[in-house]
Structure formats: structure tokens, C-alpha cells
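Same chain, two partners: chain A is paired with chain B first, then with chain C.
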Partner chain A sequence: MLRTIFALAKMHLNEHNIYKSNFYLFSFNRLIEVVVYIFVWQAIYYQTGDAGGFTLSQMITYYILVVSINPIVLWGINEDMGHSIRTGRINKELLNPISYFKYYFGMNLGEIAFAVIVGIAVFVVCAIFWGVTLPVSFLNFIIFLVLILLGIPITFFLQMIAGTVGFYSGSIWGIQILRKAVISIFAGVIAPITLFPAWFQALSNYLPFQELIYTPINIWIGEFDMSQIVFVLIKQVIWIVILYIIAKKFFEHAVKKITINGG
Partner chain B sequence: MTKVLDNIRLYGSFLKTSLKEMLVYRLDCIVGMTSQMVTQAVEIIFIWIVFQNTENLAGWNFMQIMLLYGITLLSVGIADFCFDALYDIGPKYIREGDFDKILLRPVHPLLSIIGGSKEFTSLGYFLLGLIITIIMLVKLAIPITIFLILKIVFFSIVGALIIGGINTICSISSFWTYRSNEFIWSVYQIYTFAQYPIDIYNGFIKFLITVILPFAFVAYFPTMNYLGWDIYLIYLSPIVAIVLWIIAVKVWNLALNKYRSTGN
Partner chain C sequence: MAIIEVENLVKTYKILQKQDGLIGYFKNLVRPKYKELTAVKGINFNIEEGELVGYIGENGAGKSTTIKMLTGLLTPTSGKIVVNGIVPYEKRIENNKSIGAVFGQKTQLWWDLPVIESFRLIKQMYKLPDGEYRKNLKKFTQILELEELLDKQVKNLSLGQKMRCEIAATFLHNPKIVYLDEPTIGLDVFVKENIRKFIKDINREKKTTVILTTHDLKDIEDVCNRIILLDQGEIIYDGDKQKFKDIYGKYVFAELVVSNKNGKLSDTITLNGCEIVEETEKSIKIKFNHEETTIMQILNTISNHCVVEDIHMREAELEDILKEIYKGAHKC
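Let's look at the complex of A and B:
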């Protein structure tokens, strides 16, 4: 089964290979996104001598890592799923000898592989332009990677939930944007969570989102209290189970209920 | 001249059809518009956080930046609505072969394509921009005169034309790649630079958004005029728009000559 999933992932990654320009354009997009953040914080730092409680180089590293990791968290197979619902191709996919979830998980891995390549490229280019601080220790770097990996099933199940909404509305475009906005707000894409109001910080401590971006980056730059790490890891695993159950039940319910455009 | 007028009239009827289509996809439209507004929440939260950490950004305070933001959204909303179909040239028209049909129409293909835009959800941007603009004008105690309203209406449309011109120029990439959307999108994203005072940027980016891709003329210079900081630069905007469109139509016609059907 694993082999099938990897084969799907490879196939999906190769789709990106056909259009090499995608790689440059997507990386370029990431660079554009980081420019505003960095210049705004630089301006604040030069005016007030403080960048939201971080040093300027920490803040710059924060945003460079945000735009590098962000594709892993936000990209995925939602568009493909929406397309398959709209065109009725989903009929065939449901009859596949591999389950719908595993099929799309494989595709999603391919997408993430592409996101990782883009992320690394963006990171390297940004590092040349602005300079970044490296992870404070090797252990921190490993924990950073573990948290990123734990994020993959979480973002995948979120996509499946968003995708299933498409069965009802016929289009997943709107819900997709909503998914991305929610993750962007709660994961710390906009700014480190510590700069948000206290109630927001309390709330996001229980949600799985800040561990997708904010916590890994804080571990990288050495601003994370390591005694919390066990709690964080357990929390993520619990969320994976919860989201899996919701996604699975919701999907099964939707498949029974829904009539699909004849394909 | 009559030809230009004819084209404008034709575009008007295209626009009417698009607006009618909104009624067909009512639910999707509402969901889409709401989502567009939610995405903007991301930007607004960022601006809010910035001003938790500083009193002013290169001399602009929170309300002034929000006014600039609202004015930008007005133009972006109009532009997204009117020029959305440019994204389809590569993936939809050329690759699927629909472009050949468009060439057979007795209308310039560019008008045919742009007229087919129906990105009604971007009206969410427009609405949000309108709300923010009005609130900020009131809060900043800028007198809302008829003249100011006319100015904002006129320069929002001019701003949308500047965005549309830049997008049209970029859309010729579809004649080679058959998938224009990503390239237009990439370049288009640079407009976000002009949502902040350009004094925070280095020389290269200042040059980029005023000369190479004149996004600063979409809302930045107009907003400076509304705030009474710089009276004259705003009047360059229409000139920029006209120049961009002359270039756009020229390069588009050149690219059209290179067009080879994918034939299916």
C-alpha cells in the first residue's frame, strides 16, 4: 500500500516537472510575499528600536521561514478534488482499488514534495538577500522537522473536510480560500502569535494551527520553552486523530447523500 | 473614434451579461464574496499588528494606511471583475482551442476575452474597500465633497485600468506557455507593495513600483492627494493608464501574429 502511495506522490510531483516555469514562478511569488513583511518590520525597527519583542534578524528569519514553510502548509490537492467533483471524475476515483483518502494522500505527498523544493529554493535566495539565523542547535532543527512532518496529516485532513464541503456547494473555491485564511491567521503567518491579543493566544494554544508554522520557527530561532515540547507533540497527535475521524465520517456521509454530475 | 465608441458599447453589453450571470450562481457568489473578505482579514490584521508596535510607519498613521488600503481595494475589486478572463487565455482559450473561435468573431480578440470576465466575487473586495474608505474618510475628518467623490470614482477606475493594462501586457506570455495565469498572478501580486508608504522600501523597489510596474499610481499617489500631501502626482495616473494600454494593445497585436493554434 505504501508503495502505491509513493508512486502516486511521484506521479503528482512529475506533473509539476512538465511545467518547469511553475517552479520559478511559485518561488518568485513567495519572494514577493516576504518583501512587504521584511521592509515593514525594518521600518518599525529603525523607528522604535524594537521589532515586536524580537531582534531584527530574528524577525527577518521568522518571515523568511514563514514564506518557505507556508507552501507545505497551504498547498495541496484541494483544487484537484474540486475538479474531480465538478467533472464527475470522482465516480471513477471512488471505484479505484485504492481508497479515496489514500489516493489523495499520495497525491498530496507529491504536492508537498514540490512545496519542499520551492521552500528550500526560497529560503536559499532569501538567505542571500537578507541573511538568516541558523537553527540554534541540531536538536532544535530535528524537533523543527518533526513538527513540520506532524503537520502534514493535519493539513491533509483539513483539505479533505474542505473538499467534502464541495459535494454540497458544487464548488470548493470559496471554502478553500476560507481554509487558507484561517490557517494563515492562526498559524502565525501574519505575525508571531505573541503579538496577538491574549485571548487569541490562549485559544490558539489549543488549536493545532500554531504548530504548523509559529512553533517550529520559534524552535528554530530558540525562542521556544522546550519543557512544553511533550505537551505540543501529544496535542498534535490528538488533533490528527480528531481531524481524521471528522474527515472520514463527513466524507462517508457526503458520498451516500450526494448526486454527482454524470461523468 | 466611432470604432472606439463601438468597442466601448460592445464591452457594455458584455458587462451586462456577466452581471446577469451572478444571479445564476447566487450561492457560490455569496460564498465567494465572503471568502474574499475573509482573505483580506489577513492583511488587515497585519496592519493592525504593525500599529500595535509603532505609532507611525514612515509618517503614516493607522487610519491613513487603512485609507490607502481601502482605496487600493476599490481599484483591485474593479480590476479583478473586469480583467479576470485574462487568466483564462492560456489554460482555457488557447490550450482547449477555443481561441480559434474567438479569432473568427468580428471583434478584436482582446475585447472578446476581457468582455468574458465574470469574476463577480471580487465585488467583495470592492464592497470592503468602499466600507473602509468611507469609515477612514470620516475618521480622518476629510470633508466628503462631491468633488472628492468624483475624484475617487474616477481615479479608482483609472487605477483599475492601470492594473488591467499591466495584466494584459503580462497575458501575452500565454502565447508561448499556453498557461498565462501564474505569470500574470506573480506580477500582479507586486501591487501589494504599493499598499504601504513607499518610503519604507529601498531604491530598487521604489523604482519597480513607480516606473517599471507603476502600481504606485493605482492608489498610493491618489491617496496622497486625498490626504492633501501631494496634490499633483495623482494627475499622472490617467497618463500612465493610457500609455500602458497603448503598449498593451501593441504588444498584444504583435503576440497575436505569433499565435499558432494548438488545434483540437
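Let's look at the complex of A and C:
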């Protein structure tokens, strides 16, 4: 089964390889984004002497990591799934000898592999331009990676939920934007979560999103209270289970709708 | 034991009746009206392993609905389906392992990648052993002439090329049953012949059961040994192809080239067991029944009214028979 999933991941990655310009365009896009963020925070820092509670070099590292990680979190197979529903290709995919979830999980891994390649390229270029602070310890770096890995099933199930909406609405465009917006705000892409109101931070503590980007970066730069780490890890695992159940049930309901009404 | 058993299969769709206009729009939101449409009305059939079955009928007769139920993509409203010992809509993925399917022009090949990569994925997904894969690939490549296509991206293939690859992909994992829903639609004669030959070859070698729906009756004529004829959700014929032609195909068509004709013959003469289909100044097209009359009797009558110069005759083909049946000329 694992080999099938890797084969699917490889196929999807190969699709990206066909369009080599994608790699350069996507990476360039990320660079523009990071430049904008850094200019804004430099301006704020020089005017107020403060960058949201971080030092300026921490803030620069924060945003370099944000733009490097967020393809892993935001990209995925949602468009492919929407296309599959719209064109009826899903009928063929439901006839595969493996489940639709596994099929798309494999493809999603391929997408993530591509996102990692872009992320590393962006990180290296930025590190050369601005310099980054390295992880405070090797252990912190490992925990950083663990949280990123735990994020993969979470973002995948979120995509499956968003994609399933397409069965009912016929289009997943709107829900896609919503998904990306929610993740961007709660994961600390727009701004570090410490800058938001207290109630927002309290809410965010129980949601799985800040561990996708915000928390791992704080662990990297040593601004995270390590006594919290067990809570965070358990929370993520619980969310994986919850989102899996929701995604699976919702999808099965949608498939039943097709198999009873013929789509 | 039959490989496919279907008993009293019924499928009813609920269709939303759209109401026009702004008021209609709100009515749709608040209290949608549904109309029930029964696409398949209690059909029964058994298919044995290795049969080549032509599943035919007009558009909307319920062919695709049946195929979708057999593959587990649709849940029947009532009735029983057992495919290979499995109820397909309950254990779809289990059922998927031993079937293959082509639906019109929807492709299972990966659009941006070379064909061979899709084949490799199929090998991996169905856990096909290396030797078997290589053997099939070699054989299919040869019959379907895929040699030069395997390394091309799917999006660069023509329709015929794509369909040949699609057919190969469908049979690659040695499925026990293959459903082909209009596999030859829009293809040229050579590709069609190629595909028919392939289906027959594989069936002979591996006893693959094939269920074929098509509007090209040459496909049926050439490939199938059994016909199931569907009309408005009901089976009106199920049995041997040759017998079908024997029972319903007693008609002979003839075209007579004539001269010195006085007025319209259909107005002046009556022919027993013969019908004038079309009549012009210089030709008469007739259709008659073997058992009721002969061409000599007809010519005797007609030659009293004009000079017959030439005759072309042909036996009824499947297509003619079906035309007759759809017109309601036969009660099956």
C-alpha cells in the first residue's frame, strides 16, 4: 500500500516536472512575498523600535520561514479534486482498486514534495540575502520537523473536506479561498499570533492551525515555552483523528449522494 | 455459476423539476418538486464467464445506468446484483480489483505524463507481478500498435491513439470482467477494427467477460456472441446473436431499377408480404418477408406496370432489425 502511495506521489511530482517554469515562477512569487513582509516590518521597527515583540532579526527569520513553509501548508490537491468532480473523472477514480482517500493522499504527498523543493530553494536564497538565525538547538529543529510532519495529514483532511463541498455546490473555488484564508490567519502567516486580541489567541490555542506554521517557527527561534510541547503534540494528534473522521464521513455521505442520484 | 447475476434490478432517479422565473427560483429553494424517473425497470439476466455480451438500446434506454450499477457506482433502488460473488455497491473497492471499465471518452490516463507512466501506476495499484505486466504490455503493444505512443504525453495523442492506450490500460491488470461503455465512439474504421480484434483476442486467451454497449452495431456484429436488447428500461431480447437475426431478420431489402413507370405503384398495386419503402421515377425500394413471398412473385406483379432493368438485394442487418423493433413493428 505504501508503495502505491509513493508511486502516486511520484506521478504527481512528475506532473510538476513537466512544467519546469512552474518551479521558477512559484519560487519567484514566494520571494516577492517575503520582500514585502520584510519591508513592512523593517518600516514598523524603525518607527516604533519594536517588531511585534520580536527582535528585527527574529522577525526576518520568522517571515523567511513563513514563506518557505506555507506552500507545504496551503498547496495541495484541492484543485485536482475540484476538477475531478466537475468533469466526472471521479467516476473513473472511484473504480480504482484503492480508496479515493489513499489515491489523493498519494498525490498530495507529491504536491508536498514539490512544495518542499520550492521551500528549500526560497529559504536558501533568502538566507543568502538577509541571513537567518539557525534553530536554537538540534532538539528544537527536530520538534520543528515533527510539527511540520503532523501538519501534513491535518491539511490533507481539510482539503478533502473542502473538496467534498464541491459535490454539493459543483464548484470548490469559494471554499478553497475560505480554507486558505482561515489557515493564513490562524497559522500566523498574515502576522504573528501574539499581535492579535487575547480572545483570538485563546481560541487559536485549541485549533490545529497555529501549529502548522506559527508554533514550529517559534520553536526554531527559541520563543516557545517548551513545557507546552506535550500539550501541543497531543492536541495535533487529536485533531488528526477528528478531522479524519469528519472528512471520511462527509466524503462517504457525498459518495452516497452520487451513487443514489447518479451525480 | 454465473459470473454476473442480476435479479429484478430497478433504478429510480429523483429529478428536480426546475420551475422557471424568479418565483420559481424561490419555490425551488423552499419546496423543490421532484419527478421520479425509472431508468431500469426490473431486469434479469445472468452472464457466464467468458461471454461477449452486446448490451444495446437507444439513448436513454438504461444501458449506462445498468453498467454503473454493475460497477458499483450506482446503488440500485431494489433488486439483486452479484458480480463475481461480490455485491458491487457494498464492496466497491473489492469489486474494483477484478474489473476494468471504459466510459466513453473519459480517460484514466494521466493527462500530462507519458502513457507508460500510467501503465506503471496501474501495475503498482493492482499489484500485478512483473512478468505478467511485461507479458501483457508486449502483447498489447503489438496488437494495438502502441510502440510509438508509450513515451508520448497523453495530451499529445489523437483520439484514436488515446482510445487504444485506454483500452490497453483497462485490460492490463487481467480483469475478469470488462465493461466497455461506447469504446468506439468517434473513432475511424481502422481503429475500430483494431480495438475489436483486440477484444476478441483477449477474450479467447484469458476468458475475459466483456460487456459492450455501443451504437455502432458493427461492433456487436463483429465482437459479441450474445445480445441483450434494452428498451425503455426493460429487456426485450436476451439471447444468441445469430438467433436474434434468424427470428427478426426475415426481411430482405431490394432495390429495383425501373423504367416506363406509370404513376405511383404503391397506389395501384397491392403486394402480399411486401412493402414499398421508397419510390421514385427510376427506382423502387422494397422490403419483403422470406416466408410470405418470393422475389419472383413480386417481380411478376411489378413487371405488369413497368420494365424492371436491374435488381440489388441484401439481407437485413442488425441495424435494420433494430430500426424495426424501435418502430414497434415487432412485439418481442
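Rule of thumb we're sticking to: the second predicted complex is superposed on the first by the 257 of 263 C-alpha atoms of A that agree within 3 Å, B and C clash if a C-alpha of one lies under 4 Å from a C-alpha of the other, contacts with A are read in each partner's own complex, and residues count from 1 in each chain.
Here, a contact is a pair of C-beta atoms (placed from the backbone, for glycine too) under 8 Å apart; a residue touches a chain by one contact, two chains touch by 3 or more.
Model, not experiment: these values are computed from the prediction.
Student: Under the superposition described at the top, does placing chain B and chain C together on chain A give a clash or a fit?
Tutor: fit
Student: Going by the touch definition up top, name the partner, chain B or chain C, that contacts more of chain A.
Tutor: B
Student: One more residue to check, A:52. First (chain B), second (chain C), both or neither?
Tutor: First partner only.
Student: Which of the two partners, first being chain B and second being chain C, lies in contact with A:25: first, second, both, or neither?
Tutor: first
Student: Check whether A:222 is in contact with chain B, with chain C, with both or with neither, and answer first, second, both or neither.
Tutor: neither
Student: Figure out whether A:33 sits in contact with chain B (first) or chain C (second), or with both, or with neither.
Tutor: Touch partner of A:33: chain B, not chain C.
Student: Given the touch rule stated above, what does A:180 touch, chain B (first), chain C (second), both, or neither?
Tutor: In the superposition, A:180 contacts chain B only.
Student: Output check: A:95 vs chain B and chain C. Expected answer is one of first, second, both, neither. What do you get?
Tutor: Second partner only, chain C.
Student: How far apart, in whole Å, are the nearest Cα atoms of chain B and chain C in the superposition?
Tutor: In the combined three-chain model, chain B comes within 8 Å of chain C at the C-alpha level.
Student: Go through chain A and flag every residue that touches chain B in one model and chain C in the other.
Tutor: 19.
Student: Considering only the defined contacts, which chain B positions touch chain A in the complex?
Tutor: The touching residues are 27-28, 31-32, 34-36, 38-39, 41-42, 45-46, 49-50, 52-54, 56-58, 121, 177, 179, 182-183, 185-186, 189-190, 192-193, 195-196, 200-202, 205.
Student: In the complex of these two chains, what residues of chain A are touching chain B?
Tutor: 19, 21-22, 25-26, 28-29, 32-33, 35-37, 39-40, 42-44, 47-48, 50-52, 169-171, 173-178, 180-181, 184-185, 189-191, 195-196
Student: Which part of chain A faces chain C closely enough to touch in the complex?
Tutor: Residues 3-4, 7-8, 11, 14-15, 18-19, 87-89, 91-92, 94-99, 256, 258-262 of chain A touch chain C in their complex.
Student: Would you pull the chain C residues touching chain A in the complex into a rising list?
Tutor: 13-14, 65, 68, 71-75, 89, 92-93, 96-97, 99, 101, 103, 106-108, 110, 112-113, 117, 120-121, 124-126, 153, 173
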